[in-house]
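Heads up, there are several structures right after this.
Shared between the two complexes below is subunit A, which pairs with subunit B and subunit C, respectively.
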Partner chain A sequence: MTDITKETNFLDRMIDSHGPMQTGYDRVTELRRKAADDITGRDLPTTRHEEWKYCSLKKLSRESFIPAAEIAQPDLPDNIADYIYPEAEHHHLTFINGVYSEKWSKTDKLPQGVIVANLADVLDEGNPVALEHIGQYARWEDDPFVPLNTSVFRDGAFIHVPASVKIEDPIQLLFINTDEKEQYFMTPRCLVVGERSSEITVVEDHVGFGDNVYFNAPVSEIKLAENSHMTHVKLQRDSRKAYHISRLAADISRDSNYKSYAVQLGSQLSRSDVKAVLTDENTHATLDGLVMVNGDQLSDTHSIMDHTMPNCTSHQLHKCIIDDEGTSVFNGKIFVRQDAQKTDAFQENRNLQLSDSGTAYAKPQLEIFADDVSCSHGATIGQLDPDQVFYLKTRGLHESQTREILTYGFALDVIESIPVASIQERLSKEVEKFTKASNSIKQLV
Partner chain B sequence: MLTIKNLHATVEGEEILKGINLEIKAGEIHAIMGPNGSGKSTLAKIIAGHPSYEVTRGEIIYEGEDLAEMDPDERARKGVFMAFQYPVEIPGVSNSMLMRESYNEIRKEQGLDPLDPLEFEDYITEKLNLVEMDAKFLERNVNAGFSGGEKKRNEILQMAVLNPRLSLLDETDSGLDIDALRIVSEGINKLSGKENAVMLVTHYQRILNYITPDYVHVLVNGQIQKSGGKELAIKLEEHGYEWVTAKTEVNGEAK
Partner chain C sequence: MSDTQTIESMVKQPYKYGFKTNVEYDYFPKGLNEDIVNMISDIKEEPDFLREFRLKAYRNWKTMKDPLWANINYPKINYDDIQFYSSPKKKPQLDSLDEVDPEILETYEKLGIPLSEQKMLAGVAVDAVFDSVSVATTFKEKLAEAGVIFCSLSEAVQKYPDLIKEYMGSVVPYNDNFFAAMNSAVFSDGSFCYVPKGVVSPMELSTYFRINNEESGQFERTLIVAEEDSFVSYLEGCTAPMFSKNQLHAAVVELVALDNAQIKYSTVQNWYSGNEKGVGGIFNFVTKRGLCKGDHSKISWTQVETGSAITWKYPSVIMKGDNSTGEFYSVAVTNDKMEADTGTKMIHLGKNTNSTIISKGIAAGESQNSYRGLVKIGPNAKNSRNYSVCDSMLIGDRCGAHTFPYLEAKNNSSSVEHEATTSKIGEDQIFYLQQRGLDEENAVSLIINGFCKEVFKELPMEFAVEAIKLLGIKLEGSVG
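And now, the complex of A and B:
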């Protein structure tokens, strides 16, 4: 029983609520112990912390959550199958409130040797690849959320693609979060390892079914060996009252190409830290993003693009659409280390404000230690173009149609780069829903 | 169809139109000519409802209703169309999708059922011939990557599709080569009839070799200084706009 007279901080409460974790292989036990030690007695960062300047966790720190796995009979909707993208019909893993659901998962028609499985099972079985890579890449300075996940995670996805294997269709990881009275929290964990010359597309989809408060703290780690390719799409459409704090780290080897497209639509507070480390020559990384916030939503993306070796390229197009009192934050760090000559790095953050009361913070941050590089960055904040609005109106289109068309046009280049047709369709519907929900009193013209 | 009475308008506090009177009836083509900065484009934009301009005095009555009370989209649905001097690029929307949505909005206003994409395809195919445009333009994003001439033809294509009562053509001829000018003019001629009217804003007399106006008005310094038939345009071509300003400095009253 918790002694209420004893003041405990948020992180301790989260870890304590789980009770002692079952011991498994030494490597995992050690990892968990270290992670728990890291954050025991620590407070959540405050807005005095530079990395959290515009993203206050005060409200979160006052909430109480039970581990999601304790909800014995989640209030499951009957249309789960509708959330499987047709392209991922044959291979998808479904997690309900963070717990792996065999019933809703399928791993047919995978090439020989490919593993797509629940991470907890794989670690319990002692899969050497999973044991080797888990916890190797998701590392941030001064960060409590990776350790929080590491200390208590159970289920999640493990994907291993052997050398020279290409998986044509995307693999979907569907995280369904149900509408419950209890406030729950979960720590899904994903580990993707692509061996030499492999090729894969992974779709990570977090869906909230209700309007309830919960806390989703996923961590994903990606390891790409030489000459491999991965496209990673993440859709965050958690409940509008949820907290979503995620970490994504990719470690990219020579001649490899990692492309990440992260779309943030849900949650009252979403914070996404993404990191790509280009560890060797001729690697390419894309960290694109699309954020839509309205009501009083806040979405904060902090990215690190770390160029360590010569002749690498990186691409970051981060677009935010802000309506009502919404807030978007983007902090994009690009490191070009001393050895990373001939780096070509591109970063652009564009913000579209549909209301007078929304807020956008943009902070590009370049730290360049090599002398022969090409780095470009830009940040813009603007409204819909009045000339375009007037043009469409003279064609008889209503205010709402005009807003929708132009908002979609703004988001389009990110949406179009996502190579899964049904996600593109999904997103065009999300833009429609977003623009229709507008309470903004601001007249376009 | 359109009656403009003593129209005064300002942009950012500066008066651009200083008392315009103009009457356009169904079946007529009016050419509005004038030197640069005379206010002729402003007149078209104000009728279309451009938000940057403020009507300070006078009124614009269209089909018995005061246009100043209407948003630009409402005017459009009631049959007012403007071909832009500088057509705007709209990323993310194909030309055909925009035209279908527009046309269906106008049909709704008229109490007609919207056309589905297949029906619309049939409908637009015949319109394409009118401006000698290839069907591939329909799938491209609105005006994106179009040449100047293509943009202007696209405006006339939209006019053909939307079948407006009153068309305001804002310098549709400027910058066109002779071939494009001929195509655009022929399109406009085919589209004008007894039921609709055209207000053609132009700086050059050249387009009037192809389109015969019923009236020519010369706008100088925010007022119509002179009105007449098509012969007025020829005179202007010979003598220049100075001829009008010199002659009617005292008071220009349009009839």
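And now, the complex of A and C:
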């Protein structure tokens, strides 16, 4: 195995392992070919690359993976249904190791005209909307992971909401990764198109069942037409030994509102790049995030908020909790282009360091080319407030209890802004698990 | 709009200090190779350790590449076309200012630095550097009484080789970066200041730099050492004549503060920034770094950057001693096609170390103004604190303001706070002041002074006055 890694680089190995390129409609074939050409022979970025300064892919590049679809019979637990949020009971798509599972998916009770389906099927059928939008928005300079996904992706989600249709309950996309002996690799792809005046909530949930090594490289693309609203929640709960490198791009038109909440809990290495392009006037975007790392986890979030037109607003709140030897990285870029007068952009990054050996890196970044704007960012790295700790102790709590409760409180304001009740509940449990706060809360009650 | 017109007329003030003196030079071949480095060393009759230092630096430089990561664009510099050393023709040792070339003196007069008068009036010792070599040093006796050594670096190399050997390159090593390595190989002269134990320097020290002699780069090197319990405040001010060909300036400044020592380093930089179309102007690549070597030591940088076509400058503090403090106060103004990428690095290594960063950027015309700062808290820097504020102001819709802060913290008892804002001068602010009877220009000037106040108050009195004037000149008529 090591001989192979010496001969060919990681990206080539990943593409080659999928065999001959999938063909389909010209547009898709062309897209795949171009993507593969883009990265053939290229190496993974190193820490000398500014965007990867604090996130080393050395370990990943030495790993070998087989395409997830080749795993004969994934070891399925019987409680998959438990992972479906009650709100999404009637409309959810489930993917097991990146492969669409019809058995566990359901798309009832959707308003007429709404499509929620497996992307591979939709593309094979030649759905004009999917063919028009696929590959249009996820573009990063000098990035190998979108092309990697594009060249080999197969299954994924396609959601199309026709004009003026509002779906109140969330649509869940559940990505389950089973515990297997073999190291596998998957490239889920999501495409969401919201037509004029539509409204939708999508929950993207990546769950790892085991403690195994796999590589998850999802790409999501979102296109919102005029006056549409979308709330996007992404939970990353991959296995603690997994690699998760994701890309999310949203293209937002006039009068639209896009809200994204990304929560990173799992993976030994998770890297999440999110990008919102405000392409017309009077749009709003929110890119919130919550990251919790402990053990030797590394979580890296890079966001781009791109204001291209006047009178738009954006808001970002990104919180990181670092325990043990964990490392969190945040790079938040706000671009305000020359035409984007009257922009109001705000970004806040807070890092809570609980252990002496954890590391926090923050790089908020403003790049502004228009003068009549109000832009600001704030970043802090700190600990629990000693006054608050003292107060709780005077009320009779132990050191560890105060720590747990205050950490819980730190995370809570991101969680509470997520508009799906059962996700809030689920996340609260995850945070409790992380901070072991549950014990002390029980004792209080 | 009248606002815009006023702003523009302010911005478009021609460079006031553009003239060139004709002085004879020891001409040197262009380009850089080991022979050139040896020649410089020969001319300056340097001891072997320094020659070695230069050669090592040169060999390292050969293997390095221009740093291209900064947010600045400039044509590739042809290092073979630069004359790496020039100095006014050698003359016998001078005893008084009268012996100085009258033409040089006249240059200073035009700049408003009458050396002879300053001696009496200002109470400031001036070590005037004219194209790399010290021409005259005043107030030496008074400083000598206090035990402070303040002289040109060449003189220090001859008189105090041990001090130079100990400290030169100890903060900015010869292989630190491309421009520092180049400077280490070819530095021509500069200032040296040594404040002995327990001494508070009786006056503010200052050096005026001038760039003259077209096609010659200027490679200054400054070294300041403050022994235990001492204090020194150093001022540096620069203006340069107008030339159409780009000039390269790559200086190195090293500061060392031992236990309880304090160094305050202030700069006002107003080199020629090129014309409106971006032709000409100085390329300013400076490496400035201070080392808080001892416990309870403090290093403070204050800078007002209003000139140069390209500014690449990050005055840094390494807080090695426990309880040491680093400060950085900066106002950077860019106009026309100027580009500035400036900021600081605060490296916390010792326990209970404190740093403050206040940076104010003003961009006008078609300029690009970037703040780039690093705050790094090491695993052993327990209970350390950093506070940073970076505010930018944009004047006009064709300029850009950028903020690149890097925050890195590796322990859980320290705190780092950073905030940045970008805005423009509000019409309502101007309106308010106008209705209180101020004309538009004064209103704008008042608002800008308010914006920069936190930094100006850190400057020594006479510099603060100069800086406020400078800002007025730079932005006159451009704000609204």
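In this text, the second predicted complex is superposed on the first by the 427 of 445 C-alpha atoms of A that agree within 3 Å, B and C clash if a C-alpha of one lies under 4 Å from a C-alpha of the other, contacts with A are read in each partner's own complex, and residues count from 1 in each chain.
In this section, a residue touches a chain if its C-beta (ideal position, glycine included) is under 8 Å from a C-beta of that chain, and two chains touch if they have at least 3 such contacts.
Values in this document were obtained by computation on a predicted structure and should not be read as measured data.
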> Fit or clash for subunit B plus subunit C once both are placed on subunit A?
Replying inline: fit
>> Just to be sure I read the superposition right, which of the two partners does A:Leu298 touch: subunit B = first, subunit C = second, or both, or neither?
In response: neither
> According to the contact criterion defined above, which of subunit B and subunit C contacts more residues of subunit A?
Replying inline: C
>> Quick check on the superposed pair: does A:Leu354 touch subunit B, subunit C, both, or neither? Answer first, second, both or neither.
In response: second
>> According to the stated criteria, A:Glu367 is in contact with first (subunit B), second (subunit C), both, or neither; which is it?
In response: second
>> In the overlaid three-chain picture, which partner chain does A:Tyr408 touch, first (subunit B) or second (subunit C), both, or neither?
In response: first
>> Contacts for A:His398 in the overlay, against subunit B (first) and subunit C (second): which applies, first, second, both or neither?
In response: first
> Once superposed, minimum distance in angstrom between C-alpha atoms of subunit B and those of subunit C?
Replying inline: 14
> So which bits of subunit A does subunit B touch that subunit C touches too?
Replying inline: none
> Touching subunit A in the complex: which residues of subunit B?
Replying inline: 48-52, 71-73, 75-77, 81-82, 84, 87-93, 98-99, 101-102, 105-106, 109, 158, 162
> What residues of subunit A sit close enough to touch subunit C in their complex?
Replying inline: 50, 336, 338, 341, 351, 353-383
> Can you list the residues on subunit C that touch subunit A in the complex?
Replying inline: 69, 377, 379, 392, 394-424
>> Going by the contact rule set out above, which residues of subunit A touch subunit B in the complex?
In response: 385-388, 390-399, 401-402, 405-406, 408-412, 445
